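Here subunit A shows up in two complexes: once beside subunit B, once beside subunit C.
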Partner chain A sequence: MKTISIADDFTKYPGGRYKKHGKGSGEEFREDFLVPNLEKDEQIIVVLDGTAGYSSSFLEEAFGGLVRRGFGRDRVHQLLKIRADGAFKTYETMIWQFVDTSRSENLAH
Partner chain B sequence: MRRIAPKTQRQLIITGLARWRNAIKRRGKRYDEREHQEIRVSAPEVLSFQENFAATIAFLDEFRDRVLAPRTESYRVYVDLKPIKRLSVPVAIVLAAEFHRWSIVRNYQLRIRDSHAWAPSVRNLLSDLGVFDLLGLRAVADSPNDDNFTLTRLISGTKTDGYKIDQLQAQFGVVLAGFTKNPDMFAGLMEAAENAIAHGYPDGYKPKHQFAGHRWWAASCLDPRSMTLRFFVFDQGAGIPFTLPTATFYEQIRATLAQLFGDFIPNDSVMLRAALEVGRTRTGLDHRGLGLKRMSDVVTGAENGSLRILSGKGEIVYYADERIETRDHDSHIGGTLIEWSMNADAFTNPSEDMPNEND
Partner chain C sequence: MWQSFSTVVLAGIGAFIANFAAKFIESWVRRSQQIETQRDADLHEIVATVKLIGELSEKFWTKSAAELGTEDLILQSHLKAEQHHLAEVIAEIFSGTDKWDCDIQVHKLATVATGGNFGEPDREAEPGRLAEILITVRALTREAKKGRRRLKRRLMA
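== the complex of A and B ==
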């Protein structure tokens, strides 16, 4: 099982949704950290603590975007674990909400 | 070839121009003074959206028209700030953004004139806000700000930049004992900046005045008398009410509008209210449109907390107890201004679990 700390491994200052809108985006995190590991069927723990905070668009694109990217919801639940404390707990709830309500690219667009 | 000193070069140019004008006169032609005329745009005594909305907007509109509208004749523009006796922080941010757009769009190095005659409070506010730095000019304030405001420097960008956004809070760590950054505040500011970039300047929108890119401006301030922290994000885009119809969650908004107002044609404040309420009640139904909800989450439950959005011709204020006030204006503000205001205690009483970023 691999542990990815967003603050230590990616950025302390997460940005917005898309790469084209700036660095540290949800799309960048998903493509560089989540997708390569999930494609290998490797279980990962993502640690949310330690950053300045998260916009909803970052979280939605990074995690909800996995479903649009073709990963089934069950597979995401099975392979992805979230670790968060204190004020960051709410982000964990948001992430699962995004995963569970995101529609597959084939259906949504 | 002999090198000519810059001072001599200037002198030769001046002499050459004088000879050219004389030559024109000798040939019976007229030197057209209109080409060198100066248009003065004078500010009102009170520049404040709260206290003097109509005159403030009229001044900003004239400023934009004179500076940015396509011209058929040549003239210089002098924006006269001498009459200002009171300048509010939100208007200072909007005004600074207009000066910034002027310098970007016209690719023009602005000059400061008569700053000695400005009210000290105006001089200090603009200086503390970093307006002169933003424009590449030397600051004109020569005394510490005695208006009891602690301001962060105005920042601007055409990309989301987490570090810059973070600094809007981080700088208060120096002046407020026990200050702890609030991740929700970061999220709200980031939502606003990203909304400006991604949705504020839609492709199909024909602006009255040219955009300076998909740009946002942001600043924050502390009023030590009331111990209130205020955060601002501004963009010069089409306004939220205009951009909503292109958003993916417009169907939900339309449904909410129909429920609330029947066939009534919505005005800007109604659109703002619907957008806020849809975001609050339909969380998770769509992967976009949660921005306003996240922005309002920051102030929910915070002492003296409020979120004010001035956008298009509409204004909405969301209070910590979830009350909402709306207002409509006759004129477009020229973009979207979002302001969070709350007691500084909200940032100095961290729970034990909340990580302290200032350590």
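== the complex of A and C ==
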């Protein structure tokens, strides 16, 4: 099982939604960190702690975007674990709500 | 002789226990009062933070990123910081169902206040979001007040 810390491995300052508008976006995190591991059916733990907070747009694109990208909700629940403490627990709740309410646009995965 | 000596000793022990008990109760009451005062302060902080998120959102969502220029980046940072602070205080004061009820409203507020095209340089103004943000501000304030009322009051506070 691989552990990815957003603060240590990606950025301490998560940004907005799309990659085209700069570094630290939700799309960039999804494509560079989440998708390559989930495609290999590898379980990953994502650590949320240590960043300067998250915008809802970042979290929705990174995690809700997995479902839009074709990963089934059950598969996401099975392979993705979130680790968060204190205030970051709230973001964990948000992530699972985004995963559970996002609509699939591609059933390839 | 022995009887008077034991009377003096017992009186001393009694005085010590009474003194100790009084001090113990006094510090216990003071601690309970401090906890209740801190909870009230936390609630005020939640209410103020939520209100501030509403005010910042008014400035942010009524103009496009281009119209706001560098102010867009400043408002983004303020909104994210206040949202994070809100989650922090809620995690400190509430637990269980009360935290969950607040978290649902925090999630709703975050989704409208820092969702959509938040953080995108080509973001358009979306004044339509404001009504939903302000409704959620009220709902979260109410939920936090309900949660505070439900916190078990400390004895003799």
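FYI, the second predicted complex is superposed on the first by the 105 of 109 C-alpha atoms of A that agree within 3 Å, B and C clash if a C-alpha of one lies under 4 Å from a C-alpha of the other, contacts with A are read in each partner's own complex, and residues count from 1 in each chain.
One rule holds for everything that comes next: contacts are C-beta pairs under 8 Å (C-beta built on N, C-alpha and C of every residue); 3 or more make two chains touch, one makes a residue touch a chain.
These numbers come from a predicted model, not from an experiment.
Novice: Is the arrangement of subunit B and subunit C around the shared subunit A a clash or a fit after superposition?
Specialist: Once both complexes are aligned on subunit A, subunit B and subunit C clash.
Novice: State whether A:93 touches subunit B only (first), subunit C only (second), both chains, or neither.
Specialist: Only subunit C; A:93 stays clear of subunit B.
Novice: Would you sort A:5 into first (subunit B), second (subunit C), both or neither based on which partner it touches?
Specialist: neither
Novice: Return first, second, both or neither, reflecting whether A:53 touches subunit B, subunit C, both chains, or no partner chain.
Specialist: The answer is both, since A:53 touches subunit B and subunit C.
Novice: Applying the document's definition of touch, where does A:15 land relative to subunit B and subunit C: first, second, both, or neither?
Specialist: Both subunit B and subunit C are touched by A:15.
Novice: Name the chain, either subunit B or subunit C, that contacts more residues of subunit A.
Specialist: Counted on subunit A, the partner with more touching residues turns out to be B.
Novice: Touch check for A:102: first (subunit B), second (subunit C), both, or neither?
Specialist: First partner only, subunit B.
Novice: Applying the document's definition of touch, where does A:37 land relative to subunit B and subunit C: first, second, both, or neither?
Specialist: neither
Novice: For subunit A, what residues appear in both contact lists, the one with subunit B and the one with subunit C?
Specialist: Shared contact residues on subunit A (touching subunit B in one complex, subunit C in the other): 15-18, 21-22, 25, 52-58, 60, 86-88, 97.
Novice: Okay, in this complex, where on subunit A does subunit B touch?
Specialist: On the subunit A side, the touching residues are 11-18, 21-25, 49-58, 60-61, 64, 85-88, 97-98, 100-102.
Novice: Give every residue of subunit B touching subunit A within the complex, in rising order.
Specialist: 157, 159-163, 165-166, 181-187, 190-191, 193-194, 197-198, 283-285, 287-288, 290-291, 293-294, 351-355, 357
Novice: Show me the residue ranges of subunit A that touch subunit C in the complex, using the header's touch definition.
Specialist: Within the complex, subunit A touches subunit C at residues 15-18, 21-22, 25, 52-58, 60, 86-91, 93-94, 97.
Novice: Write out the stretch or stretches of subunit C touching subunit A in their complex.
Specialist: Of all residues in subunit C, those touching subunit A are 76, 79-81, 83-85, 87-88, 90-92, 103, 106-107, 110-111, 113-122.
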